[in-house]
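Presented sequentially are two complexes of chain A, the first with chain B as partner and the second with chain C.
Moving on, here comes the complex of A and B:
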């Protein structure tokens, strides 16, 4: 009996913990959103931080990321093409390529890429600031951390995921064209038709919304996880670990929900 | 100059430019800058047709179904949309067929046999024919079943084909014997031998006949053969008839002089006439039977 009560209690504690985390996250997001709408937020200093964030998240890794996108696109397109030819479904190869790569896989991989590189860094940085009381110090010096530390990171993350996904998608379209039709203009008409058929307004809007959610997930979750860190140095790795797990779960959840909305 | 700002600016500008260009391309591809043509298809059944079903011309999609509906009299109206650049393939004599393959989605196939025909005007209504393979399958299966049942009946254990094959086996077994095919046909080596024997005899007989005909030939047509003698006899007969004729002429002359006793002479005349006619008939008869008489030269084979 005691055991049952204890397990129910632990389950309740877990659920309460999840709700607290989720509430903290959404409350933080709401505050960030309100601040975003506030015109006084957008001064030169905030812009500078956003630009810096975009630079570190997107521009610095651009060449590596694009090379990675080309390689993975080429591989997956080759697999799709050879399989489609084996089964006599070559006419669907271009459609399948665009659907899997441009709409699903590349945004997902971009989010994972940025989560690994920038999300973990943000989480560590915020956790360390929290442990070292830097946040309090900033607030004390009339530099609100929300405006100069967190909001630019969120905005920068969202911009980075959207632009990198778009660039990778365009590159994949180009690689797909080259893989299917080779270096000539003969396939331009049918390829254009396929693209036009797949990318209607709803799909594009869904893609943008998904990228925004990915961008928020890879920045918002690390920031809130960092802020949750108790003021002990050894808790920093634990905070990063938790934050990254949540980021991963959130990315998968967003992908699953988007797929479900699109195909069910 | 801030290098970081420059890089971010370049990145943003390039991304915006590329994305903008792609959006313009996409709008062009989706026909945003073009007029759309509308077409209504009247169909007996809209089975398998849904918004988005492609309209294909020569295997290439040129448009798609936008909506389905019923008209006032309960007929089915399928509305399809085409971009201006694709509408040129629609002609007044185009046919529209609903294709429902066993694998893959339904599609509406356009066939324009004469591309010089006048173009189909916007918003026109055409008839949609239907070619449904899946409907023919049950009929086909029934037929195949019947055929298979027949085949099964034919090939049963005590069936005709079984018996025939057994007979064929016996036949081919016999054919491998001494007298080959003949033995196979006749059933036993003895009968086959009889046949070969009689064939041998026939051959000998034919050789003898050959010799006999040669002799007969000689006997008939040689220099002093029967035919020659008959011809000579006939010539003689002809000559004597001529003499009789002359005699007759003399007799007529004499009769002109002698006024009396004409009755006897007339009777004689009738008798001679009769004899001459008979001889003539005889000559004719022989002429008929012996065509060589005309050509006195007898050719020996």
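Moving on, here comes the complex of A and C:
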């Protein structure tokens, strides 16, 4: 009986904990959203942090990311083409390529890439700022941390995920064309027609919304996880671990919901 | 220690922003409080550092500064707030590389003082101030 009561109590405490974390994140997002619309937020210092965030998240890794996107695209396209040929479905190869790579796999991998590289860095930095009292120092000087430190990271993360996903998608389309039709213009018309047929307004809007959610997941969750860190240095790795687990779960949940909405 | 908004604190509990240079740490304040542009804020920050005799540390980040340079940056950050009271909290914890009462006195002589400076230190350090 005691064991049952303890289990229920522990489960209840976990559920309350999840709700508290979720509430904290949404409240933070709501505050960030309000500040985003406030013209006084956008001074040169805030704008500079957005530019730095985009630079560190997207520009600095561009060559590695594009090489990675080309290799992944080439491999997946080769698998799709060979499978389609085996089953006599070659005419659907380009459609399968676009649906699998451009709409699903590349945005998902982009979010994971940015989460591992920038999300973990953001989580560590915010946790250290909290532990070292840097946030208190900013508040003492009336420099609002939300405007100066957090909002620019959210905006920069969203911009980075959207642009890197778009670039990877364009590269995949190019690699797909070369793999299916080779280096000639013969397949240009059917290929572009297939692209136009799949990428209608609704699908494109859905893709943008998904990328925005991915961008928020890889920045908002690390920031809030960093802010939850107790003022103890040894808790910083624990905060990053928790934050990264949440980011991973959020990215998977966004992808699953997006697939369910599209195909079920 | 909770103090009212008319106090600027220089304290070991209020560190510099680690990823910003000394100049940026100081210039942030006119940008957010006075709504000055970056050029004007940088000018004010550099002028203050020069006045304190430390304009050479403008590009240094916290980890590259000596304790005295870090203290000077914190002091400049406190001064640019333009608050009527400046409280220096436990200077010995920040200035362990120089004879600090003399160092602070020298900085106070160089700074454009408009308010009062107060030093909160441990009682056993009192003899240092009479030297």
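Criterion: the second predicted complex is superposed on the first by the 264 of 264 C-alpha atoms of A that agree within 3 Å, B and C clash if a C-alpha of one lies under 4 Å from a C-alpha of the other, contacts with A are read in each partner's own complex, and residues count from 1 in each chain.
We adopt the following convention: contacts are C-beta pairs under 8 Å (C-beta built on N, C-alpha and C of every residue); 3 or more make two chains touch, one makes a residue touch a chain.
These numbers were taken from a predicted model, which means no experiment stands behind them.
Student: Tell me the contact category for A:238 with respect to chain B and chain C: first, second, both or neither.
Tutor: After superposition on chain A, A:238 lies in contact with neither partner.
Student: For A:128, decide between first (touching chain B), second (touching chain C), both and neither.
Tutor: second
Student: When the two structures are overlaid on chain A, which partner does A:62 contact: first (chain B), second (chain C), both, or neither?
Tutor: first
Student: Quick one: is A:138 in contact with chain B, with chain C, with both, or with neither? Answer first, second, both or neither.
Tutor: Second partner only, chain C.
Student: Between chain B and chain C, whom does A:45 touch in the aligned arrangement: first, second, both, or neither?
Tutor: The answer is second: A:45 touches chain C but not chain B.
Student: In the superposed arrangement, does A:190 touch chain B (first), chain C (second), both or neither?
Tutor: The answer is first: A:190 touches chain B but not chain C.
Student: For A:148, is the partner it touches chain B (first), chain C (second), both, or none of the two (neither)?
Tutor: Once the two structures are laid over each other on A, A:148 reaches chain C alone.
Student: With the touch criterion stated at the top, can you tell me which chain A residues are shared between the chain B interface and the chain C interface?
Tutor: After superposing on chain A, no chain A residue contacts both chain B and chain C.
Student: Which stretch or stretches of chain A touch chain C in the complex?
Tutor: 43-45, 48, 125, 128-129, 132-134, 136-138, 140-144, 147-148
Student: Along chain C, where are the residues that touch chain A in the complex?
Tutor: Within the complex, chain C touches chain A at residues 9, 13-19, 28-29, 31-33, 35, 37-38, 77, 81.
Student: If we count contacts the way the header does, which residues on chain B are in touch with chain A in the complex?
Tutor: 4-5, 7-8, 11-12, 15, 18-19, 22, 25-26, 29-31, 60-61
Student: So in the complex, which bits of chain A are touching chain B?
Tutor: Going through chain A, the ones touching chain B are 51-52, 54-55, 58-59, 62, 163, 166-167, 170, 190, 192-193, 195-197, 199-200, 204.
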